[in-house]
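In what follows, chain A forms one complex with chain B and a second complex with chain C.
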Partner chain A sequence: MKSFKKLGFSFAALGLLALASPLLSSTAIAQTDEEKGLEIATEWDKRDHGFGDSQATMQMVLVNRHGEESKREMRQKVLEVPGLDIGDKSLTIFDKPRDVKGTAFLSFAKILDPDDQWLYLPALKRVKRISSKNKSGPFVGSEFAFEDLSANELKKYTYKYLRDEKCGDLECFVVEQYPTYENSGYTKTIVWYDKDEYRQQKTEFYDRKKTLLKTLVYSDFKQYLGKHWRAHKMDMENHQTGKKTHLVFTEFEFQTGLKDGDFNKNSLKRAR
Partner chain B sequence: MSKLINSLTLGFAKGVVKWRWLVLLFSVVAVLALASGGRFLAFTSDYRVFFGEDNPQLQAYDGLQDIYTKTDNVLLVIKPNEGTVFTNKWLQVIQQVTEDSWQVPYSIRVDSLSNFQHTIAEEDDLIVADLVEEAGGLTNAQLKEIEAVAQREPVLARRLISEDSKTTGINITLQLPEDDQIALTEAVEYAEGMAASIEKQYPELEVAVTGRAPLSNSFPRASQKDMGSLIPIMFGIIVLALVGFLRSISGTIVTLMVIILSVMSAMGFAGHTGVKLTPPSAMAPIIILTIAIADCVHILITMLHEMRMGRTKHEAIVESLRVNTQPVLLTSFTTVIGFLSLNFSDSPPFGDLGNIAAAGVVAAWVLSMTFLPAVAAIIPFRVKEVKDDASGFMSKFAEFVLVHRTKLLVGMTAVVVIMIAQIPRIELDDRFVEYFDHSIPFRVDSDFARENLTGIYDLEFSVGAVDSGGISDPEYLAKLEEFTLWLRDQPGVVHVNVFTDVMKRLNKSMHGDDESYYKVPEGRELAAQYLLLYEMSLPYGLDLNSQINVDKSATRVSVTLDNVSSENIRSLAVKGSEWLKLNAPEYMYADGSGASVMFAHIADRNIKSMLIGTALAFVLISISMVVALGSLRIGLISLIPNMLPAAMAFGLWGVFVGQVGLAVSVIAATSLGLIVDASVHFLSKYVRARRERGESPEDAVRYSFKTVGMALWVTTAVLMMGFGVLFFSSFSLNADMGLLTAITIAIALAVDFLLLPPLLLLLGGKKPMTNAVPQAAD
Partner chain C sequence: MSKKLAKSLLLTSCMATLSLGGLSQSVVADDDTYFEFSGFVAADLRVFPNDAIQTGQEDQTLNSSIVLQPEMLYEWNDGDDRIEFNPFARLDSHDDERSHWDIRELNYLHINDGWDVVVGADKVFWGVTESRHLVDIINQTDAVEDVDGEDKLGQPMINLGVQQDWGNINAFVLPYFRERTFAGVDGRLRGSLVVDTDQAVYESSREEKHVDYALRYSHVVGDWDLGAAYFRGTSRDPRLVAGTDGSGNTVLIPHYDLIDRASIDVQATIEEWLWKLEAIYENADNYDSFAAMTAGFEYSFFGAIDDVGDIGILLEYHYDGRNDLAPATMFDDDIFVGTRLTLNDEDDTSFLGGVIYDPSSKATSFSVEAETRLSDFWSIELEGRMYQNIGKEELLYSSRDDDHIQLRLTRYF
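Presenting the complex of A and B:
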């Protein structure tokens, strides 16, 4: 490691920095924890570039303190929007409970501004635009906030590397992340990225008084298109209220040919 | 038999004097070992401790809290000296305090005027935002509009904003770890610190701190305050009484040592057995101090008397133990039974009080049999000549009673009947805010909140729907709306928080803020989709999970009540569930529950449970009286002075006070064990005079008055003072219990002196009593 660092310095001294791969140069040069955190997250973000679009079915099981359960089912379509300063587009169609079947939710994720959001209500046969700064409320009454589920964007957080740690059978980087969005429900999250594939394995959410609020554990990873990893199971536990939500994804499909035109107000009404 | 007991006692007494150093050492070591349990003692702060685990109201409320979010709360009440809160300055402060409130430890939610999620419609846009944003820059028109919205909004009006707009509340919901005193104190003190710093920064604001968490936190505060103030007063009274009565410094010192060691033993016992201190059980030391004195006084009086008669100190000690062992045992035994019967109480703190006090009484008995004579044998005693004019007075008193026996019998009977007839005047009331007097900040702040903003007492219904998601059903919503209207119409109801208000507001907003749509939506799907939409737009913490269950098959109706009696709370809970049974489909049936409902039932439940306990104690004590006195007839007569005083005290209370809470349920049992002592002493002298001296009933009564009359005056005075001290407790349960017990003890003496002798003359038999049954009491 030491010799590696020296090597890096000598490269720099020779003005050959540009030649080195970004990854090599940033590990090689003495680096702050902030830089290392950003570097890990950048790698995580980069590895998911180019998925194009995806579709999946989601089943949500809400469990209260008492152990009583309630189920929700929905489908989610995501369209990748290239560029660091703008988020992906997503369309969520609700199938269960019966009363909300056909309700569709369209969201254009933003980084520092409130998302653009529309909801189609079949009972009213109208599309309503929701104007709200809030992304942190419970999604359909679950322990997930919409901000936990919406597309992962690098610039949603600033980063600070904390330590290396074992996570299950894997080795992980542990990174502290601070939301850049003013109205986030969190003061920070701590994310465990495995070193093999830079997948998020676990996230801890800290509330406004900086105490642990929730833990999200990702599992059942599968790889698509030989590149993109997706967790098929996400278990969220609220430590303060004792409530839990289990989220299971099935029927993941990638590059299904979704276009921009499938993500607008008119397409909302057609969404089934 | 009696000879055997006599010689055993004598042997024991001589042994104690002979091995005095060993006895001293051993008793002190034993007390210290027991007292070591004191390190486990802790105050508990959950108001739930007043309810047994199987209390149905507690179970109902816990059940309800499990379905939604189990919560405690802190309510900050803010009022400017002048004007309304709808000014730029005050709204800015409210915004800031709302923000800061999220920092209260264990807070999970903050509701205020400023962060209320206001929905507005603009064409097909639904705008969801804080009601107050950037308060500093609001125009007058905007301020007016905000005020209008707040006053129109049922969620806010009379809950977080007063009708006159002059007072506002910030409600902080806490999720506290269960029965964690440190966490609770941390949260409450943080909130109090916030209130103090707001008042400091803005002297023209008044800030009060109330809610369920400050209530819980006030229990240990009241206990600590009482222990700090009442115990020193108690010691002062004891020292004065002892010096006055014993006229012996050594006697006073040794008595103080015994009562302190007794309290240490009892509290150590409490620690070892894992008892958590509550305001009632924290009163145990004072009660033990009071009772422990009696044992010592009896033994020392005899000892000093014997010394004045010319015996040596050691001889006097042996003689004192010989004559006092059995009466002291008997009176301790009856007192222990009385206290142990408190275990029948449905409210665990009283059971704890009973057990600690019983342990203290046992410790006092053991110590006055061992430690007391041992120390007395060691330290020097100076005996002064005292003029004894007491027996002269008592002799005159005896003549008075004998002369007027018929008048007394009739008069006292009339008094008894009249007093007992007043019992129905007693009104049971347990308003938990009023458990605390005005020296406890919680009481002052809660009164402030009630006078300026909203009620303190609550009543909750979990109203079920027909199926999963059924809360969106129009029939359900319509019925719920009807129920709400009915509730809002009931006297004492200040506010009703109900899900239909959210639905009505959404329906209006979804129809371009058209007022005519301010009603529950007409279709089930429509309502469900509104709800989905709304839930998507809420910020962290302000979700509906505290109001809707996870399956969306039930909602919570929270009623806030004014300062109404617990009788009214109970009847509203009953009327509410009857209304649902009468008017709503079966799946909507719900019983009212909540902390106030729990307290509203507590006195009733305790009286019922204590009836058995008291009856059992009474039977046991009466049996021991019969055995000790060796006469069934006299034993039966003793029932009258033992039974009547508590009933008469209740009657007196009914006339002069009227209102009483939980405390009333335990008075009969605790006072029984104490008042019986006086009748034991009086009757045993009477029996001895009849039996051993062959005296006539009249002479026997004279003998009783002469020998124990003065001692009974004094012990009654000490007990009255001891329990009277409790009257100054900041916790009304203790104050009521102390005062009622003191009254009962005073009445008991009056009955023993004025009614018992005429009764004995009437019913006590004329034939000389000659049977040689062992005489247990002296």
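Presenting the complex of A and C:
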């Protein structure tokens, strides 16, 4: 009888929940934090499907603990490769500082396997295939690691929902994420997704010793093609060294007609 | 143009460049076209601690020289059509042969869907190894620049490239031959006899106008980067044959033979390992056919320096089966061991040091290269070469006392 009562109560609770929040499915009541985390990330991933290709100019300002700045300027071209089991292709061309002008970096992101990467050195006109095992290494001396800038793919992490929390003027889901790929420099990241648009608003990175290493804050969001949100400012702070890197995107363009042929060893040599 | 006039023009333009500072220009003429002017000027200071041992050579305890390389780019059709112009000039305080200029690039590039074509002077690099560039043949070496063979003269060409799912093909027509540069009588880093480039001898009756051809196939299959090539034409490596110049001095005369050469280059990129192989088979009328290869690896310890910098270990083995009649090489049976330090700091500081060792003769040559950025426009580079146990039978014998250190300060614009 006791169990029947409990069951009855559950049915009532379910009914109430269903009324209050029609979005939640009837299985929601049994949903674990892991399932909820994955659901949030899946929604985030789904909302960016179909961007096709994009081009942007990036400015990076590296600030050391004494406040001294050094600047980088580069252009990035990205080609969306559809499918959950393969990553996007990207080409990064350096304009500044002048001594690395014309250097270009081609990357085919994978999910669990190491990415394929090539570097073009204009002085020798040489294309070098490089090891991508170094995911945790710094990108051009900045506080961004290669893995922070390579394509964010759903299957690169497992997820666990932590809590709801206010993030600025917005309400956020807070989700803990564990890298599934090899050679990550992180044991986990904690990501704040806003409930309005499922945009990543903030990420905390925890190092191999599980202590807080870096915080990345996204801001200045703009929407493209009525669908795709892009942060135009990304500020990374390393709490262990006191160094910071500010990344600013300008001149975002979508569906510019980039093709697969624009992302290979040959096109790397003539990248501009 | 007289040498004196050329010198004063070069000096004036270097000064002008330095004083103007941020000269770099990029102008978008309209939506479709784009013009950019950039480049660099560099001051090289070379120190030769040992006295010169060859007749006529100057000691050059301190050698200074200045380099200017402007780069001009004009684009239209959204970058699908481009003209590039990169002249180069060096003014050396001692050696008149090392004071020289060249057109590194002056070409038109057209890019289409699945194919492209280059017409004009250009530079093309083939290969994967670090201590010897065995398969790299399109461009002549500008040997007065440095001993590492990485400085090249602009090569006139038509280069048609086709890119397909099954790989890339490049077909080259090379209508004009460039002679190798050699140090003059005052210069260090030369043979005991001066090379008289004015008397160059060609196997082809068309001499430098002989048309050379090359074909290259390259493809990426998973972790493997593959290349295969065929070259038919005038060898970039001359045989040096004793002769006399107009005033009766004994000199070396470069002989350029016609050759056929097939080559392959392979790199497997597996985790921290880069496995590399370059191999050639060369056939000529004036000496026996031979094969040569370079094989080795580079292994990286990522994050080994303060969790941020990388340490790489390089090992390469050189075999060369040519006999004494063929153009000489120092890589007959040698081992290269090197290390690369990449700090991954905000100044891109890096270091590459290595030694090439001949186990049979014990001949050893050391080389170090280190560079870092000073600011957005300035960088500094240190180079050192040292020779030890160089016996009479070695190609480097006449350079055995030419150990040197070079400091280069570069201003980009």
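Simple rule for what comes next: the second predicted complex is superposed on the first by the 242 of 272 C-alpha atoms of A that agree within 3 Å, B and C clash if a C-alpha of one lies under 4 Å from a C-alpha of the other, contacts with A are read in each partner's own complex, and residues count from 1 in each chain.
By our rule, a residue touches a chain if its C-beta (ideal position, glycine included) is under 8 Å from a C-beta of that chain, and two chains touch if they have at least 3 such contacts.
A quick note: this is a predicted structure, and the numbers were derived from the prediction, not measured.
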{"item": "Fit or clash - chain C, chain B, common chain A", "value": "clash"}
{"item": "First, second, both or neither for A:141, with chain B first and chain C second", "value": "both"}
{"item": "Which of chain B and chain C A:264 touches, first, second, both or neither", "value": "second"}
{"item": "First, second, both or neither for A:114, with chain B first and chain C second", "value": "second"}
{"item": "Touching partner for A:57 - first (chain B), second (chain C), both, neither", "value": "neither"}
{"item": "Touched partner set for A:65, first chain B, second chain C, both or neither", "value": "first"}
{"item": "Which of chain B and chain C A:105 touches, first, second, both or neither", "value": "first"}
{"item": "Touching partner for A:209 - first (chain B), second (chain C), both, neither", "value": "first"}
{"item": "Touched partner set for A:158, first chain B, second chain C, both or neither", "value": "neither"}
{"item": "Which superposed partner A:130 touches (first chain B, second chain C, both, neither)", "value": "both"}
{"item": "Winner by number of chain A residues touched, once chain B and chain C are compared", "value": "B"}
{"item": "Footprint overlap on chain A, comparing chain B with chain C", "value": "62, 64, 70, 97-100, 124, 126-131, 133-134, 136-138, 140-141"}
{"item": "Chain B partner contacts - residues on chain A that touch it in the complex", "value": "62-66, 68-70, 94, 97-100, 103, 105, 117, 119, 121-124, 126-134, 136-141, 145-146, 183, 185-186, 207-209, 211, 240-241, 243"}
{"item": "Interface residues, chain B side, partner chain A - complex", "value": "66-67, 69-70, 102-108, 122, 124-129, 175, 468-469, 472, 510, 523-530, 532-533, 535-545, 548-552"}
{"item": "Residues of chain C touching chain A in the complex", "value": "24, 38, 40, 75, 79, 82, 109, 111, 113-114, 116, 123-125, 127-128, 150, 161, 163, 168, 218, 220, 225, 267, 269, 271-274, 300, 302-303, 308, 310, 344-348, 373, 375-377, 379, 410, 412-413"}
{"item": "In the complex with chain C, residue positions of chain A that touch it", "value": "62, 64, 70-71, 96-101, 114, 116, 124-131, 133-134, 136-138, 140-142, 259, 261, 264-266, 270, 272"}
